[in-house]
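Please find the structures below.
Shared between the two complexes below is chain A, which pairs with chain B and chain C, respectively.
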Partner chain A sequence: MRELFPANQVIGFVASLALTVIALLVYFLDMSFTVGMVVLLLTAFTQAGLQLVVFMHAGESPDSDSIYLNTYYGIFIALAIVFGSLLAMVWGY
Partner chain B sequence: MEFFKQFAVPNPTPTIYLSMVAIGLTLIAVLAGITYFKKWGYLWSEWLTTVDHKRIGIMYLISALLMLFRGGVDALMMRAQTSMPGNELLSAAEYNEIFTTHGVVMIFFMAMAFITALMNFVVPLQIGARDVAFPRLNALSFWLYFMGAMLFNLSFVIGGSPSSGWTSYFPLAGNELSPHIGTNYYMIALQIAGLGTLITGINFIVTIFKMRAPGMKLMKMPLFTWSALITNLLITFAFPVLTVALAMGTMDRLFGTHFFTMDNGGMAMLWANFFWVWGHPEVYILVLPAFGIYSEVISTFSKRNLYGYTSMVVSIVVISTLAFLVWVHHFFTMGQGALVNSIFSITTMAIAIPTGIKIFNWLFTMWKGKIQFTVPMLYSLGFIPIFTIGGVTGVMLGIASADYQYHNTMFLVAHFHLVIIPGVVFAMLAGMTYWWPKMFGFMLNERIGKWAFWNIAIGTCLAFFPMFISGLDGQARRMYTYSEVAGFGIWNLLSFFGALGLAMGFILIVFNVYYSARYASRDIGDDPWDARTLEWATRTPVPEYNFAVTPQVDSREPLWDSKYEGKTLFKEEIKDIHMPNNSGQPFIMTIFFFVAGFGLVFSMWPVVYVAAAGIAVLLFIRSFERDDGRHIHAEEVRETENNKRGDTR
Partner chain C sequence: MTTEHSTPMEYSTETNALNIIGFWVFIGAEIALFATLFAAYFIMEGRIADGPSGGHLFVISTLMIQTFVLLTSSFTIGLGVNAMRLGRKGAALTFFIITLVLGAGFVGVEIYEFYEYVHEGLNLQTSAFSAALFTLLGTHGAHVSFGLFWGIGIIIQIVKYGFTPRTANKTFIFSLYWHFLDVVWIFIFSFVYLKGMM
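So, the complex of A and B:
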């Protein structure tokens, strides 16, 4: 029975619904801009990671190493671009 | 009549009218020729619908050479205009259009196409694969690139070319300062071609990760394949930035948004920021495949294995990461603070370290080798000193405080040409000459090739060294003329002679193709250079399935070891081979892209809607199509192989 019940998938599904609801709350509840943005950023990245691992099976293929490596590289580049641009265009200006 | 006015060129001159006529006549002649020789069927079934990576590679190569010609003519016109003070060959407006076109054509349509040509032809052969991972997407990539290039070139005769530089900085490129549609061509043609590049990037990452011959571990891959892998990784992570920036720019121009405007909260400098977030990785996208080619060529013609393989791989990987951390060095003078400039100054200089490691590895490879001075080797040898000069001046430019002096002068122009020409053009010519026999079944004439090399090498130095001096003396880039008292005349005249030398070199290359096609021996065997890697283990010309039997690899130089160490490459029996079917969809879909692009340039919405619907329909058809490919039967393969063995022509 244990093997037959897709526990991971069900938990993943419920979690992704919950994340969506939390993100929606930013619109319906009255919170400050900063709090709202923090909530959105956190839920968005958790959601993306969840989808990648649970539903897109990133860890289950024989080349999961290169998939994760590519993902980390992508995250690194994205952070460098975002914070580098902020540095050059806003903070360091 | 009103309707046709928008297509008129804003600064018409007799040259432009002449070119219109010439283009029209050439087009008619080509179409008539194809019809007369009844080649439509051949063209359609063998080229327009092909998904074979080798043919796609050859189509990229032909396009790249055509674009090299186009960009080269632009360069000659610019150098002729500036060869004397106060010259009036070109007007200021024409000069602006020409340097913009020159830059865009050379980077996007010549250099990118050239590297993609060689990656397409060589990488699957080098890893022992039968094609790329997604052959039909590969065809789509090519046609997207091709249609983007054609759309951009059309601007010359219909509607007028963009004129705000290949960097197209806002606010200059915005509607207020560039009211003409030229910049729309830039935004949309690059978007279409860039989409093709992005698809290539993904395609080749998957190909290299998933389709290597058994036994070829990552650290056993040939260096050209390594450099292709990292290049495509850079493409996949850098091009989306360009895509987004171009989309925002397009919206500013067509739909009145305010991303890059000076008012209503727009931020014009954000364009420069995005452009270089993509742009600096882009220069490494161009130069890394070149590094790969040099590694292959230098080790083949030094008759020994590459010195420091591991450090070569590590330095490519380090370069690929640093490439994303330096972009601000392109606008040190835009007004950000000293802290920001210092940070990016340091990362910039750090790039010189892995690059230096590579240079030394090549030198050490040659150190104890038996050097053969073939044409590809000459380009590699010429590359080392010239590229080093370009690189060292790059480090000078990377010193932020000093860059206030150099920025936007001819000094910068000298720097980047002296890295890009040896780093891309030399490499591509070396690679083209090196792999030519595999592509076309005969070798290019060495004597004419050497003449071409010397013209190009000396021409490059003569064309660009003087710019260091006139640049330091204060000659600004992108200026169509200068007065005699400035004293730049002599340097620009020398530079013009250099440009003529380069032109002579290219003429010799074209002549060489003609001469060798006509007279060269076809009896060259499969491995005319006595090379080391798998692409030379195929037959010449390469059969469509590449390898009758998948090779088994257990070293970095499998072919060399099978020739001289007695290892067997092909251990299995010939079996049925599974190949992808040809398809006309990519070609047809990109015609819709072309039409949609044209509609967008002129804001002709009905045209855009119809073409977009066409694209959607084709996507829909593709999604529900079943295409399992086809099999070449073992019998047939055996027959082809036997014929090839006996056939020396």
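So, the complex of A and C:
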């Protein structure tokens, strides 16, 4: 039975729940928009990294360099699209 | 491989290894797809016309249920892949079925939520905000719904053929897809819902 619940995955799950609770504090506690966004950015990206490494086994296979490179490229494109759009359309530069 | 035993079955042939890296490339493209939808949402967020705003619509209880259900399903499918690597077919199938039941629960809550939004006077044509919101949430929900059918197909194949290099590979790739949807949800949870309710 024990082997069906490997420690790293159980810890990963508990950590993901903890990060969710921390993110929810943004709603339940009274904090400024800036502080709230910093908390959310930290919890969301940590959570994403956790899923990638613990649950998607990104670092385990011989081709893990390619997997990471592909993922970093995807993240770069995502950030460029989101912040580029915000820069041009919302922040007014 | 750095797993304790030997090379897991899902990596056991060259085709299998290529299938997995190929799926990662697909996930890269999906990241870009969702990035465009997030960008559109962030631009349109404040343009609510005569309709309700996000802060007015979003409900913390359904959000917490959806998040907990999807996080748990991501955990159970991870356990399913672990059981598969141990060669425990029954346990793996149990975990996969739990995963799909949780996934169906998530989609159910999302449908209920959309129903509530429409009752509050928010539909696809209400405002720029509503169009961007429904497109982003709907694309994610459609992915999860598609995943339910894919998962059922995977379960049928495991029941029929057991774990072979081929079915193990398909199962592992499906688990990547499912975890990825959980990652997307984390960003929706944080930057659509919680940001909107702050």
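As a convention for this text, the second predicted complex is superposed on the first by the 84 of 93 C-alpha atoms of A that agree within 3 Å, B and C clash if a C-alpha of one lies under 4 Å from a C-alpha of the other, contacts with A are read in each partner's own complex, and residues count from 1 in each chain.
Here is the rule we use: a residue touches a chain if its C-beta (ideal position, glycine included) is under 8 Å from a C-beta of that chain, and two chains touch if they have at least 3 such contacts.
No experiment lies behind these values; they were computed from the predicted model shown.
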A:V38 touches, of chain B and chain C: first, second, both or neither? neither
Chain touching more of chain A, residue-wise (chain B, chain C): C
Touched partner set for A:A7, first chain B, second chain C, both or neither: neither
First, second, both or neither for A:G74, with chain B first and chain C second: both
First, second, both or neither for A:L24, with chain B first and chain C second: second
Contacts of A:D63 with chain B and chain C, given as first, second, both or neither: both
A:M89 touches, of chain B and chain C: first, second, both or neither? both
Overlap of the chain B and chain C footprints on chain A, listed as residue numbers: 63, 66, 70, 73-74, 77, 81, 84-85, 89
Residues on chain C engaged by chain A in the complex (per definition of touch): 1-3, 11, 17, 20-21, 24-25, 27-29, 31-32, 34-36, 38-40, 42-43, 60, 64, 67-68, 71-72, 74-75, 77-79, 81-83, 86, 88, 91, 175-176, 179-180, 182-183, 186-187, 189-191, 194-195, 197-198
For the chain A and chain B complex, residues of the former touching the latter: 63, 66, 70, 73-74, 76-77, 80-81, 84-85, 87-89, 92-93
Residues of chain A defined as touching chain C within the complex: 3-6, 9, 12-13, 16-17, 20, 23-24, 26-27, 31, 33, 36-37, 40-41, 43-44, 47-48, 51-52, 54-57, 59-63, 66-67, 70-71, 73-75, 77-79, 81-82, 84-86, 89-90
Residue ranges of chain B in contact with chain A within the complex: 205, 209-210, 233, 237, 241, 267, 269-270, 273-274, 277, 321, 324-325, 327-328, 335-337, 339-340, 343-344
